[in-house]
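As written, the chain order gives the labels A, B, C and D, with residue 1 at the start of each chain.
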Amino acid sequence: MTEFLLGSACAILVVVAVGLVRLLRGPGEADRMMAVQLLGTGSTAVMLIFGAVIRQPAVIDVALIVALLSAFAGLAFVRGISPNSGGGDE
Amino acid sequence: MTGATLHGLAAAILIGLGVFGLIAHASPLRKILAFNIVGSGVFLLAGALARRGAEAGFGGDPVLHAILITGIVVAFSATAMATAMLLRLRSVTDRTTLAETPPRHDADPPA
Amino acid sequence: MTAWLDSAALILLIGLAAWVVLGRNTFAAVAGFIAYGMLLGLVWVELQGIDVAMTEAAIGGGLTGALMIGAARRLKSAAPVAPATAGTLVIAIGVGAAMAAILAACVLALPNPAPSLASLVAGNIAATGVQNPITAVLLAFRSMDTLLEAVVLLLALIAVWSLAPDAEWPGRIGVPQTANPNGILAYIARVLPPIGLVIGFYIFWAGADQPGGKFQAATILAAMWLLIISAGLGKTPPVSSRWLRAGLIAGPIGFILVGAYGVASTGAFLGLPAAYAKPLIVTIEIALLPTLTLILALLIPPPLRKRAEA
Amino acid sequence: MLLDLWTIVLVSMGVVFFLAGTVGLLRFPDALSRLHALTKADNLGLGLVVIGLLPRLTGIADGAKMIFVWLLVMLSGACLAQLVAHLIRQSGDFKP
């Protein structure tokens, strides 16, 4: 069972890494944002699986923090790249 | 090769990459980003040391972990201060680099 | 199998770091940096440093990412700087490669068995009354470090404040931000902070006995506060505000008072009498939480007025 | 044994959905359909992984927290998707 869980965690990580090609290629900032979001969700999933493998329930708390702070960083990023988000300095 | 050694080697590469960026980039913002990569590499190296010191039922040396948490927070405050200095430099001199630039012609006093 | 997962995560991490360092576009580099921070959280979980994973994911990815985006946005209109010359690049490659090679050699030459203070901590943790070894180290065994860290953070905030344009002083630094009050940003800024508040206090409360604690909690609370401000639902307090200043010094003062009590009761500064160790540790944590939250949030530079920027 | 089967089936489905999300992100022609693929697939992938892992946990509270992580990712994902879509329309990179 452990082998299966670690294998699926690896698979998710590899799949998400392939998705990061969008970070390299773009073309727009929105595409880069999406690739980062995919990585955030994917690494949350990998973290939860790994936490189940090492039987450390506190890993769920880490996933909770990652989910919350990646939402915060994502919102800041969208606000930072949008031309007229009312940021006050235009 | 143990997991800790693997993480240590990866940390060495991260530090090398960060040092490269720190020297190669002329833009201070990119230097700050590169410096953060160096910082996380140093923390990861210490993490590998802590993992090697796992005993007494702990997954790693808790003293190192605690000092790392302190370090991460202090590194953030240093990053924030560097950014503030950069933004201030921009608003005062309208430049974003400390490099020597040729004198501006329009600012020359009439002879 | 664990080695495979470790390797996959580390290769991805190095790839992202290379992207952050080598990418041409600053915004793309910052996007890569946020992804890098999230992945660091996973790598730290693999290293069994759960507390560090929380801190690195929260501060490395979330807060530093937001800081960098704000700076990149304000510098977008700046004149591009000259690219590095070939000579600089050669030096950079040489120094970077040499550094990595020396460190790698050191990693491979580490002594066996590794030195560790883990059993010392395990032997003495019962005296502190807390069960999370990290909290015991931070607030009992090496509490002087933590006290000085709080002071360093305060000094960093004073330094950042002193770099604010004269016109902004001593009022609110930066313009109040605006967003469509019926827009999606305002919506999420109303929904997420209560959730974040609960998670933050949960992480704070759990920190005594499980991974977690004041640093992670303060980062979450600071991020939620910044979200409220960025959606125009709240304002940065003026620098002269009394409650702000009281909050900023609450942590260090509380810490020093507990330290002074240590002198009276055990004869050593920051000494904790065994009978009251846990209540005193909790007191310090409660005093530090508002200080850390305020400092972490205010260290992020807000957008300035056009006039002040020019 | 049945619970092991439950985990294997659901986590595997989760991996498949992550794969679908990546393929969509890489292969779809314009930004809005890429966004569509991403927000559907990765939330479902994470959800299936979470449900699949539930029998492996020891306490009810841990399970509740894990489901909460999923709900949180869905909430922030939905809001971010709206903002990103708005951004794509502003930048003109879409074909109606």
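Please note the rule applied: contacts are C-beta pairs under 8 Å (C-beta built on N, C-alpha and C of every residue); 3 or more make two chains touch, one makes a residue touch a chain.
Predicted, not measured: the structure shown is a model, and the values here were computed from it.
Novice: Would you kindly count the fewest steps from chain B to chain D, each step being a jump to a chain that touches the current one?
Specialist: 2
Novice: Just list the two chains that share the greatest number of C-beta contact pairs.
Specialist: The chain pair sharing the largest number of C-beta contacts is B-C.
Novice: How big is the gap, in whole Å, between where the Cα atoms of chain B centre and where those of chain C centre?
Specialist: Between these chains, centre-to-centre, one finds 14 Å.
Novice: Averaging only over C-alpha atoms, locate the centres of chain A and chain B and give their separation in whole Å.
Specialist: Each chain reduced to its C-alpha mean, chain A and chain B end up 22 Å apart.
Novice: Could you give the separation in Å between the centres of chain A and chain C, each centre being the mean of its C-alpha atoms?
Specialist: The separation of the two C-alpha centroids amounts to 19 Å.
Novice: Mind pulling the chain D residues that touch 2 or more other chains?
Specialist: Each of 72, 75-76, 79, 83, 86 in chain D touches at least two other chains.
Novice: What are the residue numbers in chain C that touch two or more other chains?
Specialist: 2, 30, 46, 48, 50, 63, 72, 74, 185, 188, 192, 195, 304, 309
Novice: Mind pulling the chain A residues that touch 2 or more other chains?
Specialist: Only 29, 33, 35, 40, 61, 64, 68, 70-71, 74-75, 79, 81 qualify.
Novice: Among all the chains shown, which pairs meet the touch rule set out at the top?
Specialist: A-C, A-D, B-C, C-D
Novice: Report the residues of chain C in contact with chain A in the complex, numbered from low to high.
Specialist: Within the complex, chain C touches chain A at residues 1-2, 4-5, 8-9, 12, 15-16, 19, 27-28, 30-32, 34-35, 37-39, 41-42, 45-46, 48, 50, 53-54, 57-58, 61-63, 65-66, 69-70, 72-74, 174-180, 185, 188, 192, 195-196, 199, 202-203, 206, 210-212, 216, 219-220, 223-224, 226-227, 230, 232, 302-306, 309.
Novice: Which residues, counting only chain C, touch chain B once they are in their complex?
Specialist: Touch list, chain C to chain B: 2-3, 6-7, 10, 13-14, 17-18, 20-22, 26, 29-30, 33, 36, 40, 43-44, 46-52, 55-56, 59-60, 63-64, 67-68, 71-72, 74-75, 78-79, 81-84, 88-89, 91-93, 95-97, 99-101, 103-104, 106-108, 110, 114-119, 121-123, 133-134, 136-138, 141-142, 145-146, 149, 152-153, 156-157, 159-160, 163, 165, 213, 215, 292, 295-296, 299-301, 304, 308-310.
Novice: If we count contacts the way the header does, which residues on chain A are in touch with chain D in the complex?
Specialist: Against chain D, the touching part of chain A is residues 1, 4-5, 8, 11-12, 15-16, 18-19, 21-22, 27-31, 33-35, 37-38, 40-42, 44-45, 48-49, 52, 55, 57, 60-61, 63-64, 67-68, 70-71, 74-75, 78-79, 81-84.
Novice: Under the touch definition given earlier, write down the residues of chain B that touch chain C in their complex.
Specialist: 1, 3-27, 29-30, 32-34, 36-37, 40-41, 43-45, 47-70, 72-74, 76-81, 83-88, 90-91, 94-97, 99
Novice: Given the complex with chain C, which residues does chain D contribute to the contact?
Specialist: On the chain D side, the touching residues are 72, 75-76, 79, 82-83, 86.
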